């Protein structure tokens, strides 16, 4: 039976070992590091809560990048998840050449952080780039996307959104688990395609929507590639996300202790937000395979 | 998919060309970088810096030949082979371990499940770079530096928690009817997994494979830190081999190789994508 | 106006299986039409084609005079009860019922009123707050029915809507659905109903007409009593009525001038059974080999004849006690038959044992004769 | 390229033909194609001369090199011999203990090949942590063709430079700028002016403190502003809007076609800058502007790349030998050419000059720098000046200036107070 | 050995709903036990608990004398047909059937033979190559049955296995399943069967004993005839038999010394119906208010009495024609009753209309009397 406790434990045992060895030790060590001053060459020096005190009270860069990161996540996560869901929905039918489109839409994600993406993105958003040309067609003045601190955020948000491929693939897979009979019933009930999408599809794949939301949130808070490649955190630190700051502190300023402290603050933030999402998921995520709905 | 589902989709009346047009337009935006990349592999440096168009002035496959030979002692054949030597075993152990663990989380009750699950999800929330050093030290202690083990072995312990979490979510969305029937038919837990869960999870498992393939192929930081012997470099590392800081870089050959490096990933995706939409439960019994 | 008209409807499934073979059928506005037929004869397929859930491979489907072959289900003004229920697992029962109404923009108060009314009708008011997986099979089925009836569509499509209910509940549902249909018609909103069922009682009592299908071909469409009394062929004859009609290989024989006129007799299991003259008159010149049909209720175990019934000795095989009546399985010669005998008219049979012989009365006036090859009713 | 190369030995037991277990030495560097090729050859030559020695070459592109090295150093598993940047000394070896002390190996090193000044660049707290391969400094490059079009003479003094902007704009239009350079380039150029005027750079080379007084800092800020506002240098915002503030000059369309007519940059990248110019443009070396009575040119120069020996190396002596071979031997000079810039070691420079391996423009620049150094006009910058943290801070301040987010005085004040605080922290 | 023993079995669902209330039941090895009861009375729940798919909240379950509360389904030696089939969507019919055997390591040849045999038994040999989604409802149900019977387990659990089959197929399946059960027993491998059904005929003909459930409580467990003749209470009485027994509020009245002895009569709708002395003897001293029960087949429309039947004038309400018989709805006073009358014994009723009156004969010897409050049968 499902309640066979030993068996379940047996299955997670390898995981337990792995977690202990490859995850928990580094985890604890990084936590320990966050209470030290460590410059790689000399042994870490215990400084208590100094790092945390410093970032809380006298590090404007931290405050700035925290704000930037929050803004980025707020914009980028809904955009990517929403777009991925929409496209997955559109691509979830049979028509000639749909394979091609599916692959095409995933491609940007395969490219990942390759130089081509960096070069291209800078091209697209440069003063004379595609976006401004397109805007020009509508009579809109060219925008200094990469130079204007009010717009620069959008370049990396859009890059993040543009690479929606993996979320899309996961949604595509999830869409398969919606029984067709339900669409049929909904058709008979008079639901339009849009209503079917929002009333049948979406509720039934909420477990996966939830997953993508959490994961994309985790990713967004750790987003590094985009700002690193495209804007280098600028202009005026308007895209200086926390991950970039952590990277700088740890591997460029050789302030590993401080970097670790920053990471743990980021961790706490993401964990709190995820915790909140997990709690809220009880009210909107529907698990068809749960033994009982405990609502 | 059954005839019925096709019907629903076909019935999406209206002009099919309109849909093609819309899809095509978006596809171009998505594909442009690849087009540009391919085009750039035929361009001179100056052209690359100044031209946004992807059509090169002339075609010359010299860049490919040159890129393939690399500036190192080995050709890209070696690096591709290395990439596969890392990727394929890693995929195998990932799928096995993640499916097992996800199965346990989604279908069993055991002591500390909630806590473990939180830990699992939690481990994804610390920025990777901060874990890099401690992890390095672990592998240094076990003497695995400069081998593929640090890149493969952790996956065998389901440490790719992203996949575990994903599979768990999928499983929790799949009704248990079939599993109950199979239990009655005499399945033990493992048989249940193999005969029922795996087929039902096929789309999700395929995406695990595809992701792990592409991500491992693209992974730069892991190999960078754990591998020091050039002969063992995977493609992702070898790609950046010839980009120094102050030297002139022949972008055409760098890009040519980037294009080649994409081929396996694109191929794998293309082959796999039809399985994303071949769920087993999509049908069930109809009336 | 929801007059349904099927013209040469065909269905070929993607795997090449041809499920429906040129079905022609007219269902009047407000009519209650029942589909019956063996498992797999394409009842559901037809229903799904009418609903618009299955493409129509050939022929034309009209609803209210309008060709709807390519219309989406929601444009056809139908409501359907699925054989497998297809409840929305993520909605409570209440929302399952209300879904269609909400989509149609019905005011909240009216939605509520109609949902509760339907729930009452189906005796499931206490279930409104449950999720489908918390329901029993029969409860889920009632929800499925409820989902259709809250909608007040022009055409109802019911696919075995009561199959998972107990006899008592089914009886009361049967009455309520029939009443619903009547009320709708009387209130000037007649609803056409197509009702698939395997239940003889449902078919006989609910249907104004019954359509008997076999392998995707219509066998007969007629009123219940007509079907029962004048089946078009042996298939229909055996399909309607429970226990089914005894249909046996037999020979037609002329009986020379016994009472002056030359009559006909059926040679069955070594017994010669003369036919009533009225029937005999229609059979002159038919081939000798025929199929002889007699319903179980037309064989009695009583000693005295009923009307012009014929006493025939038979061997007892076994009996099934059904409470008020007994199914007696007997054989005449080597031919097995079933008789349906009221429990209080067993007439000594109760004490008999397998292999004992007994005199049964066959009411030859109720006999049917079918063509040995085509199965067509020779008496029509 | 390589199957033809004798190359580095692969690791493992199969790698060696010589008897007995070979001594294996790990050597790491970053670079591009030609550097890899040449270095592999040089290493092979070294191996040939030292039977029983295997050099395991761990080479790669620039990207990720520092990350890997950092991790390795932290793990105590860094290579025996490694290529580093001068600035990294201040980060990895604050007290001189980050790398092996080469003075201990002086018997294996041809230290006499280096000027004392050059050796000094590798000294930290009395330990010789690294030796420079080459030395590089900032020079002014002009596009003669552009100036000809504008009918202007190349600027020779600061005043001419400051005036060039307006002049060129009137002559060639608003898209034309006499000078291009990214933010850091312009900061250095401005600092150069301040140094000439006030005699002091931003950071004190000897101790971790800001050397400029308020007036000097204010001048630094104002000079930068003058360059930008005077249409002399391409403004930060313009560069940023064209595809990123850090995009290299040779990758700028306006540079390629001659709209931007000059560049303030390292002499080592002259080739790079020249490579993309279209046929109508012609690059020349400019005179370094000097204020009358300047005590110091303010020219910014420092070693380009250095080689260091790992502090955990078990074969430090052998590593030192290889280091010495690569940096000072004539044989190596011929193989390596200027793949790591123009060498510092006397013998190697001679070999290259003799073999005419230096293109004229670069030779010219080399000469200009050599002369300045010889005249004591280039001081070694403070080790912390290129520390990433300070670098980030200076950029931040100048960015706010460029975006007009701060007043000159405020910026100057920040540079001094916050700069001092920061230097104290990272020292 | 598969003797099933349920001891004080309880089930509380996580939402707090108590579905099963202390059920005690013994099912003998090789016995064919039928579960009947209204929709939602916990038949499936019980079955699923026996199968091990549902935790047992209280009490003890034994199979073959061994406590199995905590045993996995596969260790219980059972096979089950699910109400919703639960076929494996990714396997063809053949593999659906073969799956359990393959798991058990049965040799390939034997698997094949047994699968084909089951397919033949269930008339679905032509479907072996299909996927579940290509089946009709009835076909899918047969696959579900097939999946159970290929296994030859010690205990069969059938949850309404024939509900989606047509009457004819159902009849033949019924016979085949019964035969299967018999063959197994005769071949010395007796299989215990628990069979949930809503079909009266199935319940009456297949079950050796029937267990009547209501709201998770057992009402009566007995042989079919005993249930029919001696229902434990009004619920069982009305549940068994179709159309259901007429159960009416009535008064018990003493009839003083009419024939010297003091008898009892039932006062119903203004009519006084004397009880046969045998029944009356058992009722002495009972409260006046009772429930009076009479099966529809014990009311006849014939003019002459049957045995000691009682002629009572009644008003005709309406009639349902079922082919061989007619359900006559009448009322005595204000009390509605249903009579089940053979079509040939309508005795002039056919010409009558709603509201006309007619004399019906009630067989008072077959009458049942129940406690007005508890519904308990007063004659037992």
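We just call them A, B, C, D and E in the order they show up, numbering each chain from 1.
Everything that follows uses one rule, which is that contacts are C-beta pairs under 8 Å (C-beta built on N, C-alpha and C of every residue); 3 or more make two chains touch, one makes a residue touch a chain.
Note that the structure is a prediction, hence the values are computed from the model and not measured.
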Shared chain contacts [subunit A and subunit D, defined touch]: B
If you tally the C-beta contacts, which comes out ahead, B-D or B-E? B-D
Distance in whole angstrom between the CA centres of subunit B and subunit C is 57
Centroid from C-alpha atoms only, then distance subunit C to subunit E, rounded to Å. What do you get? 22
Report the inter-centroid distance (CA atoms only) between subunit A and subunit B in whole Å. 16
Touching two or more other chains in subunit E are residues 13, 15, 52, 72-73, 84, 134-135, 137
Can you list the residues of subunit B that touch 2 or more other chains? 2, 4, 6, 133, 137, 175, 183, 220, 281, 283-287
Which subunit A residues sit where two or more other chains touch them? 1, 3-4, 123, 129, 179, 181, 184, 187, 204, 251, 256, 286, 288, 291
Applying the document's contact rule, which stretches of subunit B touch subunit E when the two form their complex? 2, 177-178, 180-188, 191, 195-196, 199-200, 280-281, 283-287
Subunit A to subunit D touching residues, read off their complex: 39-42, 122-123, 125-129, 144-149, 230-232, 234-237, 248, 251-256
Report the residues of subunit A in contact with subunit B in the complex, numbered from low to high. 1-12, 14-19, 21-27, 29-30, 33, 87, 90, 92-95, 97, 99-117, 119-120, 123, 129-130, 162, 166, 169-170, 172-181, 183-184, 187, 193, 204-205, 207-208, 210-211, 214-215, 218, 221-222, 224, 243, 246-247, 250-251, 256, 259-260, 263-264, 266-267, 270-271, 274, 286-291
For the complex, which residues does subunit E have touching subunit B? 51-53, 72-74, 78-80, 82, 84-90, 99-100, 103-104, 131-135, 137, 140, 147, 151
Note which residues of subunit D are touching subunit A in the complex, please. 66-67, 70, 73-74, 91-95, 97-98, 236-247, 387-389, 392, 396, 399-400, 403, 405, 426
